[in-house]
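For reference, the structures are reproduced in the following blocks.
Each of the two complexes below includes chain A, the first together with chain B, the second together with chain C.
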Partner chain A sequence: MAALADTAALPPPRRRADSHRGLVFVLLAPVLAFFVVFNTIPLLWLLGLSFHSFSLTSGQPPEFVGFRNYVQLWMGRNNFWGDLQRTFTFVGVGVTIQTLLGVGLGLLFWGSRTMPGRRLALTLLFAPMVLTPVATGTFFRFIYDPNFGALNQILLGLGLPMVDFLGNPRTAFWAVLAVDCWMWTPFMILMTLAALGSVPRAELEAAEIDRLPFRKRFTLVILHHGKFILMLGILLRTIDSFKTLDLIIPMTKGGPGQQTRLVAVELNKQAFESFNMGFSSAYAVYLLLVSIAMTSIFIFVLNLRRRRG
Partner chain B sequence: MTRSIIRPAKPGLVLPRRRLLQGAAAFGAATLGAPFVNRLQAQEAHPLAGQSIQMSILGIAGWLPSSLGVQMSPLFADYAKEQYGYDVSFTFAEAPFADLFQKAATSLATRSQEYNIIISDSQWLGALAQPGWIVQLNDIIAQNPELDIEWYSDIVVDTYMRYPDGSDQLWGLPQEGDTIALFLRQDMLDDPAEQEAFQAAHGMPLPRTFEDYENLTMAEFEKVAAHFNRPDQNLYGTAMQYSRVYDFVSCYLYPFMWSQGGDIWNPETGEVVGILNSDINARAMEQMRDWLRYQPPGATNFGIAEIIDVFTQGRVFSSFQWAAVGLSMITPELEGKVLVAPPPKHGEGEAARRVYTMGGQPWVLNAYNDDAHMRVAIDFLKWWYKPETALEFARRGGNPADAATLNDPGFDAINPWNRAYKYMLTEGRSRDFWHHPKYAEMLAVQQEGFSAFMTGQSDDAMGVLDYIACAQQQILADVGDAPEVPSMCYGTSL
Partner chain C sequence: MSWRRSLYHTLLWAVALLWFAPVAWIILSAFKTREDILATPPKLIFTPTLQNFVDLFNRNTSFTTQFLNSIVLSVTSVVIAVAVSFLAAYAFSRFKPRGTNFLMFLLLSVRMLPGPAVILPIFLMYAAFGWKDSHVALVLFYAMFSIPFSVWILKGFLDGVSIRYDETGRVNGGSWAHVIFRVVLPQVKPGLIAAFIFNLIFVWNEFLFNFVIGGVRTQNIPYALAVGTYSDGGLNWTFIAALTTIYLVPPVLAIYAFQKYLLVGMTFGTVRGEV
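Here is the complex of A and B:
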């Protein structure tokens, strides 16, 4: 017994702890190397470039200009604030619609588990999500075309006037947003089904036995258990929606005028059409800060339960 | 007395018959075999004789003249084998207009010879030349007289070859000349009922010939467009480019400005403010927007392809279109039914004139080509400008720009658009815009502004011009090529 007590009092073998730590380092090293090479170094490079004036087509080396690029953006050069405002509208309205539709359709699918053809319907419903946005944008451009597009042929067939969806400044933004919703609502359906899957069956059955109305069942049982998965879905959609570029380029290129010019579209133009590497780097840093702020808010909300607990 | 059978030798040069025959045979053989021997000598003299070279060309996707350059390259391979004794094969890469510069620039910035020869757009000369990505051709032209060509007019040199404007530095050679032309449905114009109705409505005959349109003003053409504008029959008067993509709306708005005395910048000082935002240009913008009433729905999205679509499908009576896509505009179904004429003049009476935008693209050579690829690229250009190659290019639907081909009596008859193209390639009738390295950035601002006005996002033409002028001068000022923008620019926005 005393021998056992002596053994228990001994510190754990040092060599074993060291080798364990070494193994952890070896296992982490590839990930860390990847992170440093593909994330940290480019980020630092971007940060450095943002303090320079450097155009790829000037033939001149980068010139240090301090905070000039940041100041110019802050002062609204290239309508930065207008683009940001438009982007927030796009993200806010788009993600809200996708969430409401996604939750609604998800609940319908959840309640129709015995419906024949459910799997096929789900597969078809998820198809838009797996299409490349460039392809989606291109074929929606044709669908919206006022002369040859299918949508206008339907409108004409119904006796309605032709609409130039992408050429009219009043409709272009909403036409693009509608395509974004068509494409990404299935993702929110998927997240809703995952959230519903996390609800304990016993609690659902108890709520049914207690004959709780649907509204209470939804808020007290389903949302209580599934809200964190739903929040994760909203977070992912918000971040992704903030970067929308490849859908807009084939549809409107940011036009008409600036009506569909989101921040990612302008950033792409500055970097890869105008080749203003310094200015576009400052632009990217601003966007990074906005993204970090948004992510922090969501993570704060996600952690609320743990804090309350 | 016996007569000698041997005739006395005559004084002077005397050749025995045998030697004479031998000499004649040698001369004959030499004459017949000279080209072969010369070719052998040429092949031996060529440093690449016996080698195999792989060349790559970067061109414009979906652009017929660019693809003609590509399609004809096997002819050069045969020529190079025969003339220089080396084998050459080509690979091709392409990107749409709006993306080609990006594709070229990202490759050239890494000092790659991925693309040995590039079909550039004329306005990119500065952006490609300034960083040293393409070869200055002055020395090459001096060393290769075959490339010292007499061009049809000075605007060919100014558009496709020269950078900076006004200098003697040459960076490109024309691959395809191009101008705006007016494509009209000749079959509709020839309809006696239409002629009668037009005469009755407007008290003037319906313009029907090239010469009629040569003298026509926009105000007069508006009557023609209005006459054929029948939305209830799904037929519209005309089509122009208003699209925000690349330079589409700019190229079609400039003729309204230039023809009426407006300008876009001062290339010597870099000033844009006070030049672009003028009353003339503001009025020009309003005029172009007014023309939307004679065009199909969605015309604010029209680019080159959309105009081809509406014209070939019979949705419009006429179209302002690049001569370069004549082959696509005149489909087999429309052969013999299309008149291609000079686009109308702007203004009235004696003061009326036309200054339209130049199109077309130059060949440029990658500065990072190794010696062998550079040599083949130069051989290729020398072959491209041979009269028979230029003629073959024209026969296939391309637009050469050299004086010899265009002045050939048969040139006008090769394609229906050739006469209009040649007419518009004359000095004073067409011009190009900036070749500045900041071209892409200046264009992007302008396309946004013009598109905002044409689509009705803004109704203040002068306000839009103020915004564009200030932004463009700021872009030039940032690189030291223009004075700082005046205080009126602070706070301008679309």
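Here is the complex of A and C:
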């Protein structure tokens, strides 16, 4: 994993750790302490609880039930597989759109170093990312509103029929996905600009002198140097998109029906509205396994590409 | 060629403004009366009013507390996180102790889990120890949440600083503290700033963790936005618009001021100069 970040010209020599054991320990101690108290212990707690039936509202002590929670989820309790599939669609479609748009717009903004007010323009472009997601969700409910929402007023003005975007089961999922894309395309633009910055200028100039067509310049020069950062951007977006919650809660709460119910939304409901702690723990463990699998695939691909490149 | 250049710049500005339009709509709404916000068709031209902001201070007495909480929670936790992450990243980068790769991956696992899954065991733990509604407990948790990304960014930057610096410093009789803080630290300043800003914006906007393990004393503004929206029967649009607008100012100023560090930061130390 750390091999990813080893892009330096001069990697430090290996295994100096043994001769500086005390120092290494002192340097790592604070992070390890944080990690044990706030991650390892809670995770073990979660794992233990997942084998119990425990509801905070009943007042009963946890009751050991073995693998019952896991089996129930596997058998599709609360439409687990349906929600997982919907989440994968959300992640797959969303991250693809954000990557394509982000790379496209990033390339567009690449030559803008001399543009007047570039810093301000980029700040405006990045603003959706730093807007509080809870507020974004609430406000888009307003923009999508079937009666006085701005979007429907625009449709009305164009002579098109009005749509209850968040209330209609056929449009709700895509309406939420559109907001996610609006929020996070700027992040992929940022990553694209960062990736473009890592391309050595000399090679670009050489490509220009050789009159390489743009397509070749992109694949041979830009992607060759920038793919590490671009892949990292896609990885971060995939992880975060899988966790989408604060945007959906104010917009639809997972409805209409289950049309926008992603796994994080359902887990939140089970844990902090129904207080089914045992069941939620098993749910969380499944999600952890899915996330680890996704991340491992990405890291595998990244390392493979690096070795070949 | 200058007209093509102008056309290109106009196009870029158009894209930026198009992307900003919904945010601009929120900001405009903050200066509208309730009737103007709900008017159909939507009003682009209206008489601006500051009444919504005045109401914010008068009606919602906890507003200042929540705003202070937002600042204190995000700044304190991220400062702690970046400090300890720098030390750990230095150890990972320079000494490569056994299990570095595994530890780096394990750290990332914190960021891979959906929020409710992360906070569920913490919630039970805090409830059992009576740590809920405490600033210290919340700051420590946010710090833990900011550590993985900080370690990753900083390790990338530290890998880019030649170990010759450390060796020269040591050979010339400098202590480890001198080498780490006086020789190496100044060279990874962009990484420190990038890690700081990214995590700061995250904690600034964080709602779920504050809602679950916080309480009356530790509420931040996203909490107020999520809960206060439903006052007055229906959705209180003037309240949402005014609060969102005020709350958006600090992060927007931050990305304006530190833009080049964000771009350099996301190269994870692979670029030394300006991006």
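The rule we apply is simple: the second predicted complex is superposed on the first by the 285 of 309 C-alpha atoms of A that agree within 3 Å, B and C clash if a C-alpha of one lies under 4 Å from a C-alpha of the other, contacts with A are read in each partner's own complex, and residues count from 1 in each chain.
As a convention for this text, contacts are C-beta pairs under 8 Å (C-beta built on N, C-alpha and C of every residue); 3 or more make two chains touch, one makes a residue touch a chain.
Note that the coordinates shown come from a computational prediction; the quantities given were computed from them, not determined experimentally.
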First (chain B), second (chain C), both or neither touched by A:203: neither
Which of chain B and chain C A:142 touches, first, second, both or neither: second
Partner chain(s) touched by A:291 [first = chain B, second = chain C, both, neither]: second
Per-residue touch tally on chain A - higher for chain B or for chain C: C
Which of chain B and chain C A:43 touches, first, second, both or neither: second
First (chain B), second (chain C), both or neither touched by A:272: both
First (chain B), second (chain C), both or neither touched by A:105: second
Intersection of chain A interface sets (partners chain B, chain C): 147-148, 272
Chain A residues within the chain B interface of the complex: 53, 55-59, 76-79, 82, 145-148, 162, 164, 166-169, 252-259, 261, 269, 272-276
Of all residues in chain B, those that touch chain A in their complex: 98, 101-102, 105-106, 109, 127-128, 130-132, 244-245, 296-301, 309-310, 315, 437-438, 440-441, 444, 447-449, 451-458, 471, 474, 478-479, 493-494
Of chain A, residues touching chain C in the complex: 1-3, 5-17, 20, 23-24, 27-28, 30-32, 34-35, 37-39, 41-43, 45-46, 49, 105, 108-109, 111-112, 115-117, 119-135, 138-143, 147-148, 150, 153, 156-157, 182, 185-186, 190-191, 193-198, 228-229, 232-233, 239, 242-243, 245-246, 249-250, 263-264, 267-268, 271-272, 277, 280-281, 283-284, 287-288, 291-292, 294-295, 299
Residues of chain C defined as touching chain A within the complex: 8-9, 11-13, 15-17, 19-20, 22-23, 25-26, 38-42, 84-85, 87-88, 90-98, 100-102, 104-117, 120-125, 140-141, 143-144, 147, 151-152, 155-156, 159-164, 176, 201, 204-205, 207-208, 212, 221-222, 225-226, 229, 235, 237, 240-241, 243-244, 247-248, 251-252, 254-256, 259, 262-271, 274-275
